[in-house]
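In order of appearance the chains are A, B and C, and numbering begins at 1 in each one.
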Amino acid sequence: MPARRPTRLAKWLISGPPLLYLLVFFAAPTLIMVLASFRSPGEFGGLAPLVDAAGKLDINVDSYVRFFTEPVFFQVFVKSAWYAALTTVICLLLAYPLASLIARSGKKHRDLLLLLVILPFWSNFLIRIYAWMIILGPNAALAKLVNRVLAAFGAQPVPLLFSSFAVLVCLVYVSLPFMVLPLYANLEKHDQALLDAAQDLGANAWQRFWRITFPLSLPGVYAGAALVFIPALGIFAIPDILGGPDDTLIGNLIKQQFLETRDWPFGSVLSIMLTLAALVLAGTAAWIGRRSAGDSRA
Amino acid sequence: MNFRAIAALLAATVALAAPAHAKDELHLYNWNNYIAPETIKRFEAQCNCDVVQTYYSDNDELLAKLAAGARGYDILVPTSNAVQTLIGGGQLKRIDKTAIPNIKNIDPAYLNTQFDPGNQYSVPYAMSTTIIGYNDVKMKELGLPTDTWAVIFDPKYLQKVKGRVTVLDSANELFAAALKYLGYSVNDVDPKHWNEAADVIKKAKPYWAAFNASSYIRELATGNIWLVHGYSNDIFQANQDAQAAHRPFHILQGMPKQGAVLAVDNMVIHKDAPRPDLALRFINFMLEGRNSADLTNLIGSGNPNMDAIRYIQPAILKLPAVFPPKDVQAKLEQLKDLTIKQRRLRNQLWTEIKAAR
Amino acid sequence: MRRGSPWLWTAALVAYAFLYLPLLIVVVYSFNDSRLNAEWVGFTLDWYRKLFADGDMISAAGNSLVIGITASLASTVLGTMAGMAMHRYRLRVLPILILAPIAIPEILTGVSLLIFFVLLNFTLGLMSVALAHIAFCVGFVAIVVRARLAGMDESLTEAARDCGASPGRAFRYVTLPLIMPGVIAGALMAFTLSIDDFVITFFTAGAGTVTLPLQIYSMIKISVTPEVNAVSTLLMLLTLLLIIAAAKLSPSILRSNQET
């Protein structure tokens, strides 16, 4: 029986370094940002002086008031959440068969198949967006085909590029490996004997999937969903480059505050709101994940 | 053995990470593609130094990065209104005029402006206008006018080019155009007029394919987009690309009769410039007619340098959006910077425009 | 489920096609003899020639690689520790700090880190970018490692300890091999994220420190030429070679089986 002290020491030894690093390079900068949300924007940019010429301290909630009194900002929030949710669901549908296949294939193929999922993502993010510009462009084969079909049904031609469709396709495209990897990591551990036993007991493929594989894979699903949903919520480059006139998401709004309006306090407020929303969702996912993991173990 | 291999690898990594700084360096923070490569080579040969360029794509981006404390740049090339903001923010170093005798080449019309009285901090570099760009074949086919903002904002015209129009993804530029269309100054700050402009934009928006900041040059040149609200340089570039690709059309510049935004970009020295001496040499070098003309010949930018005219291709000199005749000049306005309160209102209107269906 | 395999294969093939079609187009169009790159014109190697003459692009690629390797190594070590700590102990602060950088919009991380570096008078450059990248990669590694550990048979490690193995040996010979697939997946993810990152790099890179995404962003803002296709083709090729080399040097590095 190991004594208590070494365990404690081990705990600090393995949790200490990442903790310290994140406290310094994440928590401290974020705290500074939260403080900024209670300040006024400076005329040149950045923040107004903490103490102005009249000796008044610059601490206020103006930016929060603005956020809660103008409905348009909330609308943008809802739209962003909708895009992110759609992306997550589509990613899950695409990633599940892929992850199961990889997890189930022979050891020789497994590494290669996994590598094939990750490989595309070593090409640059902006390049991947650009690739969709070529594919979805009005002179490309895809748009011509779609519009020929539409014309056959007497419908108006639609642009594929610069549309919500383009944004969604590209969001799914860039997010997919973040769903596949955790799903694979989970599915790979599943015990084939369990499925064989179910089969012997007369469960068909569908039943085996819904009753055994899927519930067991839920921790992987939740991890994947969090990894996809949250970055998708804050994205701005994709709607910037591929989006139509309606596709302003919360990420674009935040980028505007820092890169155009030079309104750091309001940008901070938007970021904090986005972060709160994301943390609540991630927390919920983790909680459900833990609960269902507990259930399936029982 | 193994250890030695690792050490060698580490050393190589470090060497790669920290290249030797043997030569003098001038750090130029510039718009993308806003200086001709041969001009840089010439300057590097003359000063026996390296020019290190970093790029920005928007004045607001430049201001935002400097406001966030970015350092290490010698020369910046902001537009006049941003120059004013930078002076106000105490970000610039005064220019010693005795070190830049070539300033005599600049057309006095572009000196001593309200943005920097007496040119204490800035020297004009190049210019552009924000105008209409169009596909000549398509616009002729559709019988649309190309000399009025109405073609960008009036649904009567827009319905014929639905989905083939893009406008700049810049609140300041688009509001300026809408204000001009309504007959106001681009620098009008009356919230009532801003609301009118926002309404004009919202009514026209369903006909636009996108708010576009980056790719409209390519879209124009490929023939996907037929009509844009864009910068004169970009439209010039789009036509060059289209001709190089042997497209059966031209991309032409349309100067709206209501007037347009003129942007004068200026060379300034950052207050923390590591090499102000090289910066002054660079400014004086760029004020030489031949060097200044390189840029105009490359990207079709307007040029305030009188000595440069003789080096510029005659075809470019003839473009009214690049070298506007007197009557057009009178209708051009430079944007002024907004106060933080005005910026907040504009951003809110802009968000409403973007979020509207 | 074995009977369902044809369906599975079809679905997986669709997913792989979706992953590779765009890249294939990027690669093919890097040989396209057209500046506009809207449709196929003819074969050329001009863009590669241009690329090798483009000093900016080459130094940007070098910067990206240095940052990517540094950030992925450091964040894999830190992230694996964090993943194990979160799995083994009931911690309060660490899980929040692990999830938060993922949950927080990149742009916020970027701007807040910039202000932080400026306040500390820390010179912006390769170092500040790498430090920033580590901060957001740790969480991704930790999550993947933890997903691997979740529900894993802990009794093996305990058995090793009972047999007298020191904690270090138990980790080296039992836990590490078991979680290796997760660690490698995490490391690959971190490298991917780092080399890909644009937003945070944009804010934390100083004057003259240009990474590949920053360089490409600059180009995309004006007009993308096939030179960008060419550089990303080469980058893909390079990483492919690196992986093959790594597998050759140490065959176990990519093996995800638990027996070895």
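Brief remarks follow.
We adopt the following convention: contacts are C-beta pairs under 8 Å (C-beta built on N, C-alpha and C of every residue); 3 or more make two chains touch, one makes a residue touch a chain.
Keep in mind that what you see is a predicted model, and the values were worked out from it rather than measured.
Contact topology of the protein chains: fully connected, every pair of chains touching.
Farthest chain from subunit A, judged by C-alpha centroids: B.
Ranked by number of C-beta pairs in contact, the top chain pair is A-C. Subunit B and subunit C have CA centres that are 35 Å apart. With centres set at the average Cα position, the gap from subunit A to subunit C is 16 Å. The multi-chain contact residues of subunit B, meaning those touching 2 or more other chains, are 68, 213-215, 222, 224. The set of subunit C residues that touch two or more partner chains comprises 38, 111, 115, 217, 220, 224. Taken residue by residue, subunit A touches two or more other chains at 137, 139, 241, 258, whereas all remaining positions touch fewer. Residues of subunit B that touch subunit C in their complex: 13, 16-19, 25, 27, 29, 32-33, 52-55, 57, 65, 68-73, 213-215, 217-218, 221-222, 224, 234, 237, 241-242, 244-245.
By the touch criterion stated above, subunit B contacts subunit A in their complex at residues 58, 60-61, 63-64, 66-68, 85-86, 88-91, 163, 166, 169-171, 205-206, 208-215, 222-224, 339-340, 343-344, 346-348, 350-352, 354-357. On the side of subunit A, the complex with subunit C involves touching residues 2, 6, 10-11, 14-15, 17-19, 21-23, 25-30, 32-33, 36, 94-95, 97-98, 100-101, 104, 107, 110-111, 114-128, 130-132, 134-135, 137, 139-140, 173, 176-178, 181-182, 184-186, 188-189, 195, 205, 208-209, 213, 219-220, 223, 226-227, 230-231, 233-234, 236-237, 241, 250-251, 254-255, 258, 264, 267-268, 271, 274-275, 278-279, 282, 286, 293, 297.
Only residues 34-36, 38, 41, 56, 59, 62-63, 65-66, 69, 111, 114-115, 118, 124, 126, 203, 206-208, 210, 217-224 of subunit C touch subunit B when the two sit together in their complex.
The part of subunit A that touches subunit B in the complex is made up of residues 40-46, 66, 70, 72-73, 75-76, 79, 133, 137-139, 159, 161-162, 240-241, 243-246, 248, 252-253, 256-263, 266.
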